[in-house]
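Structures are listed in the sections that come next.
Shared between the two complexes below is chain A, which has chain B as its partner in the first and chain C in the second.
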Partner chain A sequence: MIKLSIDGREVEVEPGTTVLEAAATLGIDIPHYCYHPDIGVDGNCRICLVEVNGNTDKLAIGCKFPCGEGMEVETESEAVVKARKGVMEFLLINHPLDCTICDQAGECPLQDYSYHYGTGDSRFAEKKRNKPKHVEFSEKVMFDAERCILCTRCTRFFEEVRDCRPIGVENMGGKSTITTGPNGPIQDPYQMNIIDICPVGALTSRDFRFKQRVWFMDFADTVCPGCSKGCNITAGSYQGKLLRFVPRRNTEVNASWMCDDGRLSYDKYNMPERVRGASVSGDPASFDAARAKITELVGDGQGVAVLASTSQTSEELFAVREWARTARVRDLWHGERTWESDDFLKQADATPNTAGAQALGYASVPSQAPELRGLIVVGDVDVPPALLANLDFLIQQAPQAGELGEAAVVLLPGRNALEKNGHWTNGDGAVQEVRAARDPGPDVPEDWTIWRDLAGVSWTSIAEITKAMGAVSTADAEAVTAS
Partner chain B sequence: MAKVVDRRKLNFWEELYLPAIASGMKRTFAQMFKPAITLQYPEQRPEIFDDYRGAPGLVRDQDGREKCVSCQLCEYICPPRAIVIVPGEAPDQPDYDYSEIEKAPKEFYIDMLRCIYCGYCEEICPEQAIFMTDLYELNAGSRQELVHDKAKLYDVGGLRVDAIQKWKDKNASPGSEERKNVPPSGNPGDGAH
Partner chain C sequence: MKASTVISGRFDTKNSQSIETYRKDGGYETWSTVLDEKRDPDSLIDEVKASGLRGRGGAGFSTGMKWSFVPKQTDKPKYLCVNGDESEPGTFKDRQILEFDPHQLLEGVALTCYAVQAHTAYIYLRCEFKLGIATVKAAIKEAYEAGMFGKDIHGSGFDLDVSVTIGAGAYICGEETSLLNSIEGVRPYPRNKPPFPAVEGLFGCPTVINNVETIANIPHIIKNGAEWHTKLGCPEDPGSRLWGISGHVAKPRWVELETGYKLQDLIDGPCGGIRKGHTLKAIIPGGSSSKVLLPDQVARVTMDTPGIRAEGSSLGSAAIIVLDDSVCMVDAVLNLMKFYAHESCGQCTPCREGTPWVVQVLQRIHSGKGRTVDMDLLLDIAHNMEGRTVCALADGACWPLTSIVKKFRHEFEAKIVAAPSATSSKVASA
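So, the complex of A and B:
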C-alpha cells in the first residue's frame, strides 16, 4: 500500500492507482473529459492537471499519473486552476454556443466545468471553425463535429470494449474530426453507449433527440427488465411518460454499458392501453367481488396452477406464493421468454427475475402438463397453448390483458416492469433493487397488495415482504411445491 | 361588552344639512368644467407605452422565419408555469437558408389565464423570439380559447426586424456551404475538405 496526501488529506491506495482514482476515494472530483473509468486512460484533454510535490512548472495529468509514496498532491491550487482555465479557454474557443438547443445541456461536463474554470467571455476575435453539424453516424446516433472536443472516448469505446473500429479520427490539427469508416454507418448493437460517454453534445441519440430538456425530467435508478443480465439503468420520464433508459455504472454487472435493444425498449412500458380495475366475466367489478369469485373458483385448489411471469419482483412472487399456500394451490410455474443472446451483455433469457422465481420455488412448466381445471396467470407471460386446453376457468392479473383477457373469468390489473418496487435476481445471482420509474395512474394497485388481500396477510409495505422473505428459507419453498 | 360611542351634538346649521348639500353640489358642478380623465373605451384607446407588457407573442424574423429554437428557457423561468413547449426537429426546408437550425417548437402553448405578464420570458429568451406585445384585450367564450397555441402566438407576435441578423451573417460566412453539403449519411469527411 502507498500512502500519499491529496489536498492535505491522507489516503492509502494500492500500487498503480492513479491520482484521479485516489482522489475519487476521498470524494474529491478531479475534472476529466477523456478519462472514463471503464475505457481507461488516454490523457489528451489535459483538464485533470494536478500539482504534485509543489511542482508548478510542470503539472501532472491526474488520470494517468500513478500515486507514489509520500506524494503531496494539490487539486485546486493556484497553478492548477490557472492551467485548467487555460485548457477550458482552448476548448471553448471553437465550441459553438449551442447549449440552448443541445440535448447534453444540463448533464454536460463542459458546461459544468466552464462554470468553475470558464472566463465568461472570449479573447478569441477570429471566426470559429466550421464543421458539419448533423452527421448521421447510424440510424441511432447523430454527430455534431463542431461540438466535439476530440476526447476520443467514442473511438476508444469501440476499440477497447467492442473490439471494432467503425469510427475514427480523420484529418489533422484544427481540421480533426470523428468520422465513420469505409464500411459506412455504425452497425454495432452496443453503439448507443458512445452517446452516454460523450462528455459533450457531439453524439446524441436520434431517438431521444430534442424530446425534452433533462432538467424537466424525473429520474429513477432501477434495473433494465430486458434480460436476465439486469443492467443497472436510470429511467428518465417526463410527466409520467418514459423517454429514455441510460445505463448506470455497476462494475459487478454491466460496468457502464447496456445494449441498444434494452435501451430502446422503454416505450413499451408507457402502456397507454391497459387493464384498469377488476372485472369478472368481462364486466367491471369491485376488488372484493373479484376476490370472492377467485375464492369460489379455486375451491380446494385441486387441479389449479399458477403461471407467473419472471418480470414480477421477488416480493410479488412471494405474495403470490403466500396466497397459493393458503388456497392450497400446489403447482407454481414460471413463464419463459427468450431472445437472441450475444457475447457481451445480452442474455438469452429475456426476463429479469428467473433466478428469483426459481429461488422461491417456481418451476418451469412441465413438458407433460397435468390435467388442469383452472389456471392463474400472473403478470406479462407467454402461456403455452397446451395449458389452455380443457380449462374450466382462467384468472389473469396483468398490466395488459392481451388475447387471454377475453377468456379470463377474473381479470385484475397489474403493474409493468417499470412501475414496480422490489428486487430482481439476475442470471448471475445478484439481487438488485428495482424502483418504480412511473406511476400507472388510477385503478392499478401494486401487484403485491392484490395477493396480500387475497391471502389475508397483513403486510403494509414492500419492505415487510422483503423481511418476511428472508425469514422463510428456500427449504420452505421446496416444501410448498413438493407438498 | 358593547362600546358606547359619544357622539357630538350637532348645532343648528349642521342639523339643517343644507350647507353640506350646497358644498357637495359646488364640487360636483366644478367637475363638469374640468377636462375628463376617463376614456370612451372602446371608441377611444389608451396610449400604450414602449415598455408596456401585454400578452406575450412569438415573432418571426425579417424573412418570416421562425426564431424560436424551443430551448425551453421561458418554460423554465415562467413563474406561474403558463408556458408549455413541445420541442421537435426543425422542419426540413431546402428553399430556406435554414439548415443551421436543428430545433424548433412542435407546439407552443401559453395559458393566458395563468400568465402574470411579468415579462421574464422575453428577458430570458436567447434568440429574441418571444416579446411582450401591446395586446391587452383578451376575451374568449371558453377557458380553452385563452390557451394560446403556436399559430395564435405567431399571430400575436407578428414579424420583427432586428438590428442583429445572425443567421444572415452566418450563412454568408466561409465554410457555410461545406456545412450544408454534408451527405445525409455515410462518410462525413468525403465532401468536407
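So, the complex of A and C:
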C-alpha cells in the first residue's frame, strides 16, 4: 500500500492507483472530461491538473499520474485553480454557448465545471470558429462539431470497447473534428453509448433530442428488461411517459453500456392500450368477483398449470407460487422468449428474470405437456399453442391481453416491466433491484397484491415478500445485489 | 570561435554520399572493430555518457544517459528511431548530413543499436526531404551490400535491419512520441510521459530516439574516445555542432563550429555581419521555439548550454534566426504563431485552443484594432498554455511569444496607440 496526502488528508491506496482515483476515495472530485472509468485514460482535456509536491511549473494530470509514497497532492491550490480556469476558458472561447437549445443542458459537465471554474466574463474578443453543426453520424446519432471539446471519448469507446473505428479525428489543431470519414454512417449496434459518454452536447440522440429538458423529467434507477443481462439503466420520463433509457454504471454487469435495441425499447412500456380492471367472461367485474371465479374454476387444482412470464419480478412469482401452493396447483412453468444474441451484452434470453423464476421452482414447459383442464397465464408471456388445446378454462393476468384475451374466462390487469418493483436475477445470478419508472394509472394494481389476496396472505409490502422469499430461496441469498 | 569539420568534413567532397568516399576516410572501421572485438555494449554507453554529448534535436538531454534508461533485461525487442523530421523553423542542419554524408549517420545507427542491443532501426524522414530520402535509402542499400547491416554481421551473431520511414509533413511528428505513433501508423498525437520511450516506446517496446546529428556524432566519439569529445568547445556542453544561420545577415549559411563561441563573432565573421545598411534588432538563437535575444545579449552570449541559459534562452536545434531593424516584431511573432497554430496537433485543450487564439489577438493588433489590455492578455494566455500540455509544442509557442511581447512591448504599444479602438478595453464580447 502507498500512503500519500491529498489536500492535507492522508490516504492509503494500492500501487498503480491514480491521483484521481485516490482522491475519489476521499470524496474529492477532480474534474475531468476525457477520462472515463470504463474507457480509460487519455490525458488530453487537461482539466484534471493537480499540483504534486509543490511543483507549480508543471502540473500533473490527475487521471494518469500514479500515486507515490509520501506524495503531497493539492487539488485546489492557487496554481491548480488558475490552470483549470485557463482550461475552462480555452474550452469555452469557441464553444457556441447554445445551452438554451442544447439537449445536454442540465447534465453537462461543461456547464457544471463552468459554474466552479468559469470567470463569468469572457476575454475572448475574436470571432468564434465555425464547424459543421448538423452532422448525421447515423440514423441514431447526431453530431455538432462546434460543441465538441475533442475529448475523444467517442472514438476511444469504439476502439477500446467495441474494437472498431467507425469514427476518428480529422484535421489538426483548432480545426480538428470528429468524423465518420470515408466509413459512412456508424453501424455498430452499441453506438448510442457515445451519446451518454460525450461530456457535452456534441453527440445527441436523434430519438431523444428536442423532446424534453432533462430538469423537468423524472428518473428511476432500474434494470433493462430486454434480456437476461439486466443492464442497469436510468429510465427517464415526463408526466408518466417514458422518453429514454440510459445505461447506469455497474462494473459487475454492464459497466457503463447497453445495447441500442434495449435503449430504444422504452416506448413499448408506455402502453396506451392495456388491461384495466378485472373482467369475467368478457364482462367487467369486481376483483372480488374475479377472485371468486378463479377459486371456483381451479377447484382442487388437479389438471391446472401456471405459465408465468420471466419478466415478472421474483416477488411477483413468489406470490403466485404461494397462491398455487394453497390452491394445490403443482405445475409452475415459465415462458421463454429469445432474440439474437451478440458477443458483448445482448443475451439470447430476451427476458430479465429466467434465473429468478427457476430459482423459485418454475420449470420450462415440458415437451410432452400433461393434459390440462385449466391454464393460468401470468404476465407478458408467449403461450405454446399446444397448451391451449382442450382447455376448460384460461385465466390471464397481464398488462396486455393480446390474442389470448378473448379466450380468457377471467382477465386481470398487470404491470409491465417498467412499472414493477422487486428483483430480477440476471443470467449470471446477480439479483438486481427493479424500480417502477412509471405509474400505469387507475385499475392496474401491483401484480403481487392480486395473488396475495387470492392466497389469503397478509403481506403489506414488496419488502415483506422479499424477506419471506429470502427464507425459502437459497439461490437468491448467494447472489450479489448490484446497483 | 573554432571552426570544425567533425561532421561536415566530407560535405564538399565529390560523391560525398557514397560508401567508397566514406570508407576512404576509414568509415565503418569503428563499426567493424566493435563487432570483431565483441565490445561490451555497455562500454559504448559509458563512452557516450563520458563524452558529454547532448542531443542535437532541441532539448539537449544527455545522449548516454538516454541510452542507459533502456532496460537491460527484457523479453521485448528494442528499437532505435532516428529523428530526421527536421521541421523546427529556421533549422537546416540534419538535411546537410542526410544529403551529403549519410554513411556517418548509418555507422552511428549501427553503433547505437549495438550499444542498446537493438536489432531494428527506423530512420524517420520528413517527406519534403526528397533528396535526403533518396540519398539515405541508397546509402542503406550500400551498407547492406557491404555487409554492414543484415544478419550475423561480420560473423558476430549481431543482426541489424535499418529502414527509412517517411513522415507526412507534420511538425508534431518531430516530437519523439508523436514520431513513434506516426511509425506505428496511428494518429501522431504525442503520448503522455511517463512511461518514457526508453521503457515503453515503439510498439510498446524499449526505444531510443535520437536526432540525426546526434547519431552522426557517435562514430566519431567511439572512434576517438570520450576524452577527445570533452575537449571540443565548452567543457560543460562539449562538441561540434552544425549551426544554421538564416535571416538578415549578409551571408545566411550553415557552419560547423565547436560549442562555446561568441554569437556576435559568428554574425560578424562567417556570416558577414548584418546586411548592409541595417542594424541588428534581435536573434532567435535555437530554432523558433526559443526565447529571443536582444543585441546586448547577443554581444555577450556564448553558444553553449550554460551560456545561453544564462541569457534565459536555449540552443534548441542550433538554428539562429537573425532579425534586423526592418522587422516589425508584431509581424514577426504573428508569423511564428501562425506556424504553431497550424501545427498544433489538437490533442490538448490549451494548445489546440490557445495557439489560434494568440494568432487572432496578434492579427487584431497587427491590423490596428489592438487594445491596451492585449499584451497582458497574450502573456496570460501563454501562462495558461505553458507546462499544461502533453508535449512541448505549446511551450515552444509560448517562449518566443512571451519573450517578444516582454522585450518589444513598445512595438506592440506603438501599434495600439496608433489604433482608433485603443481606448476601448473591449472590442466585442464573446
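Everything below uses one rule, namely that the second predicted complex is superposed on the first by the 472 of 483 C-alpha atoms of A that agree within 3 Å, B and C clash if a C-alpha of one lies under 4 Å from a C-alpha of the other, contacts with A are read in each partner's own complex, and residues count from 1 in each chain.
By definition in this document, a residue touches a chain if its C-beta (ideal position, glycine included) is under 8 Å from a C-beta of that chain, and two chains touch if they have at least 3 such contacts.
These numbers come from a predicted model, not from an experiment.
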Exercise for the section: Considering only the touch criterion stated at the top, classify A:Thr119 as touching first (chain B), second (chain C), both, or neither. Expected result: neither
Practice task
Classify the contacts of A:Thr100 with the two partner chains as first (chain B alone), second (chain C alone), both, or neither.
Solution key: first
Exercise for the section: Have a look at where A:Asn171 lands relative to chain B and chain C in the superposition and call it first, second, both or neither. Expected result: both
Exercise for the section: Once the structures are superposed on A, label A:Arg46 by its partner contacts, choosing first (chain B), second (chain C), both or neither. Expected result: second
Practice task
Could you tell me if A:Ser286 is touching chain B, chain C, both of them or neither one (first, second, both, neither)?
Solution key: neither
Exercise for the section: Examine A:Asp57 and indicate which partner it touches, taking first as chain B and second as chain C; both and neither are also allowed. Expected result: second
Problem - chain B versus chain C, judged by how many residues of chain A each one touches - result: C
Practice task
Scan A:Thr338 for contacts with chain B and chain C and give back first, second, both or neither.
Solution key: neither
Handout entry: Which of chain B and chain C A:His134 touches, first, second, both or neither
Key = first
Exercise for the section: Would you please give the residues of chain A that touch chain B in one complex and also touch chain C in the other complex? Expected result: 127, 129, 171, 175
Problem - Contact footprint of chain B on chain A as seen in their complex - result: 100-101, 127, 129-136, 143, 145, 170-171, 175, 177, 179-182, 184-185, 209-213, 215-216
Exercise for the section: Spell out the part of chain B that touches chain A in their complex, as residue ranges. Expected result: 69-73, 75-76, 87-89, 100-103, 126-127, 173-176, 178-179, 182, 184-189, 192-193
Handout entry: In the complex, chain A residues that touch chain C
Key = 41, 43-47, 49, 57-59, 61, 64, 82-83, 85-87, 89-91, 93-94, 122-129, 149-150, 168-169, 171-176
Problem - Contact set on chain C toward chain A in their complex - result: 170, 172, 187, 189, 192, 341-357, 360-361, 364, 371, 377, 383-385, 387-390, 426-430
